[in-house]
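Scrolling down, you'll hit the structures one after another.
Shared between the two complexes below is subunit A, which pairs with subunit B and subunit C, respectively.
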Partner chain A sequence: MVTIDFTLNGKRVTVDVNDNETLLFTLREKLSIKSVKEGCSIGECGTCTVLIDDETHYSCLTLSSKVTGRDVKTVEYLGNIIELHPLQEAFISCGAVQCGYCTPGMLLSAYSLLLKNKDPQDEEIKRAISGNLCRCTGYIQIIEAIRYAAGILKQNC
Partner chain B sequence: MFIGRDIDRIDVLDKVLGKPIFAYDLKVEGMLFGCIYRSKRPHALIKKIDIQDALSLNGIVKVITHADIPGENAFGAIKKDQFYLAGDKVRYIGEPILIILGESEKIVRKALNSIKVEYEDIEAIYDPFSSRDSTTLIHDTGNLLSYRTVIKGDFEQGFNESDVVVEHTYKTTWLDHAFMETESGIGYMDETGKIVICSSTQNVHYKRKEISKLLALPEDRIRVIQATTGGGFGGKLDMTVEGYIALSVYLTKRPVVMRFTREESFLSNTKRHPLYIEYKTGAKKDGSINAVKVNIIGDTGAYISYGETVCLRAAIHATGPYEVPHVFVESRMFYTNNHISGAMRGFGIPQVAFAHESQIDEVALLLNMDPLEVRMKNGLRRGSLTATSQLLTNSAGFLETLKKIEPFWKARKKQGLHTGFGLGCMYYGIGNTGVSNPSSCYLTFTDEGKIAFHSGVCEIGQGSDTALLQILLETLNVEERDVVLLRGDTDTSNDAGSSSASRQTYVSGRAVYDAALKMRKYLKSKGYYDCETLRGVCLLAKEEGLPVFEGFFDPPTSPVDSKTSQGIPYATYAFATHMTEIDVDKATGFCKVKKVHASHDVGKAINLKNVKGQIYGGIAMGVGLALMEEFVPSKTESFDSYYIPTSMDMPDVEIFIVEDEEPTGPFGAKGLGEPALIPQAASIVNAIKDAVGVRAFELPCHIERLKALIESEKDKWVE
Partner chain C sequence: MLPEFLSRTAKTKEEALSYITGLEDVKVLAGGTDLIVRMRKGEAYKHLVDVMEVPEMKGISCDEEGFKIGATTTHNRLSNSQFIKMNARSLSLACGLIGSPQIRNMGTIGGNLINASPAADTIPPLLVHDAVLTLESKGGERKEELEDFIIAPYKTSMKSDELLTFIHIKRKRFKDYREGYKRVTKRAALAISRLSVAWAIHEYEGLFHDVRLAIGSCTPMPFRPRIVEEFLKGNKKEEQIIIESVKMILEEIKRITGDRPSFIYKIPVLKDLLENILRG
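Now for the complex of A and B:
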C-alpha cells in the first residue's frame, strides 16, 4: 500500500493504493469517478481512457502508483451541465452518442487531439479515436462532431 | 411538429457528461459479488462437485448449486430448455454449474480455482453435419431442433423453364455482439420483501416472468428495472445475469452484484448462427428470376435460445426482396456442443442476404445484364407476392431505394486498378414471425401537472425513447418539458415486448400513438387545446380520480403454414439497397471499404439524425461481418482475438431515405435497426468480385482468406 497524490480534474487528491492497483480501479472504486468504464481490461477497447498530462492512456493498464504528481483528467473535467465543452455540444448536435458507454473515453481522445492539432483532417481524427471502440454508431457522427468542435474552438481563439 | 425533426436524444446530455448509471455503477450497502463457475467440458456427465475448498476461503459466503433452486431450473425465450445451473450433465464449454458469492470480486474470482468438478466425458459434436449423422444425442428429443420449409409454386418446373441456373454454397461463422458494456446487474430485496433486479437488458417483462418461475414467486414479488444499457444487438435478450442475481438475493437475503468480464462475455454470450447455405437460382433470358431452391443448415449450439426463430426467419427471407414464382426452401437447425447461438441483429438474414445477393450478381453476369437492372426487374413492389405469397398492398419502397442508388451506380468509375463496386439489397419483416407480438403502454398525469409516459420499452442505445417521445409529443401537441418518461421498470410500465426484431418504433410507436389519441380526446374535452393549462387539466383530473390512458398494438399477422410457410408472417417490411466501393491490395489481400451509398425505405423517418446513426452503425457491423469478425471456439477470448471495426475501417457513407409510409405504423414509420446491417456484407462481397474477379463463398473474407482466393485465381490462369 502506498499513498499517492495527483491532480484529478484540476483538484489535488490523495489516496492509498495497492502496488498492483490499476488507475481504473482507483478512480471508480476509491474516487467515485464512474464515467471511466471497463470494457475489456486488456487495453483493447478504450472505454477506460483517461488523460494523463493531456495524453490518452488506458486506465485499465495504468498502475495508480505511477500517476503520483501527474495531472489526470476524466470527462468530468471537460464541462458540466451549465457549461458544456464544445466537443460535448458537438457530440449532442451531431448525433455522436447512442448507448453512451464509449462516449467518455471517446470525448477524451478527441479533447487530447484538439489540444495538439487545432485543425485536424478526417484521417487524423480517425487515427486519434482508433483506440476507442464503438459498436453502435459506426463512428461517422463522432468524426463529424470532432470536426465541428474543432471549427468552433478555432473561432473562439 | 416533432415527427421528422432532428431533436436531440433525450438521454444525450447525461451521456456526454459521463453521468448515466450503468448497472455496474450501482452500489448497495453490504453487496455481495457473484460469479459463475462454468463447465470446462463440451459434453459430459457431472459425477461430483467439490465446493469445500471454495467455501473455506475467507470472504466466501455461499456457493449455489442447481439443488438450491426453489422453482424451475429452466429458461428460454422460445422454449424453456436451458438450465440456470447444470445438474447432471453439461452440453457446452461455459455452461453454468455454480454461483459463488463472496464479499469482493477478487475473492470470488479466486474461489473459482478452488472448485473441483469430476466429469465423465461424452462424445462431443462440433458441427451440424456430424450432429445430423451422429447417434450421440445432445437432447433426448434428438439433434434436430427445427426443420422449416417454404414452398411456393413448383420449383422443378421453375428450373425447367429457366434459361440459366447458378448454384453455389455459402458459409458464415459465429459472431459476437461485442457490445461495449458486458452483461451486468445488481439485485436486492426492497423494504416490502420484493426482489428487485436492475440490469443491462433488452426486455424487462420477459425477465420478470422467468425470475418468477425460477423462484416460484408470483410476478408481483419481482421487479425488474433496466439500467442504462451499453448496447444489446440481441445479446441481452436471453437471461444473462438476472436469474443468477435473483437466486442469490433470494437465498442470501443480501444485495448482490454480478458483472461478466469481457472473457466471460465472449465465452457465455449467444452468437450469430453460423449458416451453411446451398443456393440455386434459375432465371429466364430477360432477367426474371423464375426459381429458387435453398438448403440451409445451421448450428444452434447446445440450447435453443432463438434457434427456431432464426431457422424460420432465414427460410422466409431466403429469396431476398424479389418476387420469385417458384420457391423451395429447406432450413434445418441442429444442436451441437458448441456455445449457444441466438439472436443477433438480423436473425439469420444478413447470412442469407450474402447468399441471395451473390446469386443475383451471378445471374446478371451469365445474362450479361446490369446487376441493378436484374434487381429492378425482380424487386418486390406493391402488388407483389412474397415467398410466403403475402400480397404487398402497402409500404413497399424497394424499387425507390434502387432508384436512389441508380445514378451513382451508372456513374461509377473505377479509380484504381483494383477498385470494385457492389450492390446489396434486402427486405426484412418487422416484428416477430407469424405470432402475436403486442406492445402496451400507458399515460397519466403527475402531481406536478405533467404527462407521465409509462413505457416498458428498453432503450439500448438505438434511440427508442426519443422516437417514442416524438410520436407522443406530435400526437398530443405538447412540448418535451410537459412529459415525464418512466421507462423500463416492471413496476411502472406495461409489457412492450423486447427491443428486438426492429419492432419498437413500429409496434410500440403505434401503441404510444393509440394511448396518445385517447389522452388527446380527454385533453380536448377539458379544454386544453382552447385555453386551459396542462396543470389545470391535471388538477381537475386528480379530483375526478386520475385517468389512465392505455395504448396497445399488435401487428396484424397470421401464423404461417407449418409445411409451406405460406401466410402473413409480418405486417410490414423494410427494404434497402447499399452500393459499396472497395479497394483491394492484391499483394496482401487487404480490402479497404471506401464508400457506401445506403438507401433505406423506413416508412417514415421519425428522427433523421437517429435514423442515420442506425445506418452508420449497421454499416460498421456489416464491414465486420464481411471482412473481420470471426469467433473461433476455444481461441477467441477477448478483443485481442476478435476484431470489430474501428474508426479506421469505416468508409464514407451517403444516406438516402425513402419514405413509403406504412399505414399501420405510427405516422407511417416501420423499423430500421436490423435492416441497416443486412445488405452491407453482401455488397462488399459483390464489390470484391468486381475488383479482383474472385468470389467469396465464406465469411468473413478476411485478409488471409482474400489473399488465398486471389492466389488460387492466379493459379488457374497459370494452368
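Now for the complex of A and C:
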C-alpha cells in the first residue's frame, strides 16, 4: 500500500493504493470516476482511456503508482451537464453516441488530438481514435463530430 | 485483477540496479503495454521495479560515435522526433505504426526489444542500423549487438541482474540512402505485423552500392539476409538481378523456418514487397 498524490481534473487528490492496483480501478472504485470504463483490460478497446499530462493512456495497463505527481484528466474535465464541451455537443448533434460505452474514451482521444492539431484532416482524426473501439456507430458519425467540433473551437478563439 | 506483487519506483539508474540485484523474483516495468497484459493472463513476480522515472534512461542524445536512445523513450516520442526522422527514417516509421496512440504514448523501445517478439516493429529498423545495446548491472556494463542480443523468439541474452539502458546507432552513415519500413497487418491499428521489412539502400550510377534489408515476422527472429546483401554489393540495378536476389532471400527464409502454412500467403506478398523496395 502506498499513498499517491496527483492532479485529477484540475484538483489535487491523495489516495491510498495497492502496489498491484491499476489506475482504472483507483479511479472507479476509490475516486468515483465512473466515466472510465473497463472493456477488455488488455489495452485493445480504449474505453478506459484517460489523459496523463494531456496524452492518451490506457488506464487498465497503468499502475496507479505511475501517476504520482502527474496531471490526470477524465471526461469530467471537459464539461458537465450544465455546460458541455463543444466536442460533447458535437457528439450529440452528429449522432456519434449510441450505447455510450466508448464515448468517454473517444472524447478524450479527440480532445487530445485537438490540443495538438486545431485543424485535423480525416486521416489524422482516424489515426487519433484508432485505439478506441466503437461497437455501435461505425465511426463515421464520430469522425464527423470531431471535424465539426474542431470548426466550432476554431471560431471561438 | 493483477496478481499480487510489490512495486518500487526507481528514481535513478543506481536505485534501479540496486532493486534488481537486491530483490527476489523481480521484473522491470517500463510502459507496461506488454508486461501488464501478460500479468493479467497470469504471469507473476514478487517484485516490479518501475524504471519510467529514471531521467537518464529517456530521450535521444548525440555522442562521439553517433547517437543513443534511452531504453524508456516512448514510441510516440521516437516517431515524432525530427532527429530520428532524419537519421533513422525506418525506425521513425516503425514507431509510428505500433499499436495505437495510447500504446505509443506508453510503450517504450527498450520494452519492445526485451520482449523480443518475432513481429516486434522496432527490431528490423534497428538491425538495418546495426544497433548496439548497453546492458548495465551492479558489476559494470557491457555492450552487445542487437543481432546477438535476441537469441530465440521472446528470448534475449539479458541476465537477471541486468538492465537495458541505451540503444546506440552509429553516426550518419546513411546520408544518401533511401530508407523505409513497411509492414503487412490484418488491420491498420492494434495489429501485429504479419510481415515487415526495413531497408536502407545506397545506389550509385546504376549500381547497388550498399543494400541493407531486415525482415520481420517470417523467421523466428527478425533477420538480415546478409548473403544477398553481399551479392547485391556492386551489382547492376537490373530487373534480372533484383528477381534473382529476392528469390535467394525467399529460399533462405524457407531454409531457416521450414515450410509454414502461412507461407502460401506470405511468400508471394514478401516477394512483391522486396522487389518493389529494390526497384525503389
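Going forward, the second predicted complex is superposed on the first by the 157 of 157 C-alpha atoms of A that agree within 3 Å, B and C clash if a C-alpha of one lies under 4 Å from a C-alpha of the other, contacts with A are read in each partner's own complex, and residues count from 1 in each chain.
Assume a residue touches a chain if its C-beta (ideal position, glycine included) is under 8 Å from a C-beta of that chain, and two chains touch if they have at least 3 such contacts.
What you see is a predicted model; the values in this text were computed from it and never measured.
In the superposed model, A:127 lies in contact with both subunit B and subunit C.
Contacts of A:55 after superposition: subunit C is touched, whereas subunit B is not reached.
Touch criterion met: A:143 reaches subunit B, while subunit C stays clear of it. Residue contacts after overlaying the shared chain place A:41 against subunit B and subunit C alike. In the superposed pair of complexes, A:4 makes contact with neither subunit B nor subunit C. Of the two partner chains placed by the overlay, neither subunit B nor subunit C lies in contact with A:24. Shared interface residues of subunit A, touching subunit B in one complex and subunit C in the other, are 41-42, 44, 127, 130-132. The part of subunit A that touches subunit B in the complex is made up of residues 34-35, 37-42, 44-45, 47, 74-76, 79-81, 84, 88, 91-95, 97-104, 107, 125-127, 129-143.
Listed in rising order, the residues of subunit A touching subunit C in the complex are 19-22, 41-44, 46, 49, 52, 55-58, 60-63, 65-66, 68, 109, 112, 127-128, 130-132. Residues 6, 8-9, 11-22, 24-25, 177-182, 228-231, 233, 261-262, 460-463, 609-610, 612-613, 615-621, 638-640, 644-648, 650, 653 of subunit B are the ones touching subunit A in the complex. Against subunit A, in their complex, subunit C makes its touches with residues 1-7, 9, 29, 32-33, 36-37, 40, 48, 50, 52, 76, 99-103, 105-106, 188-190.
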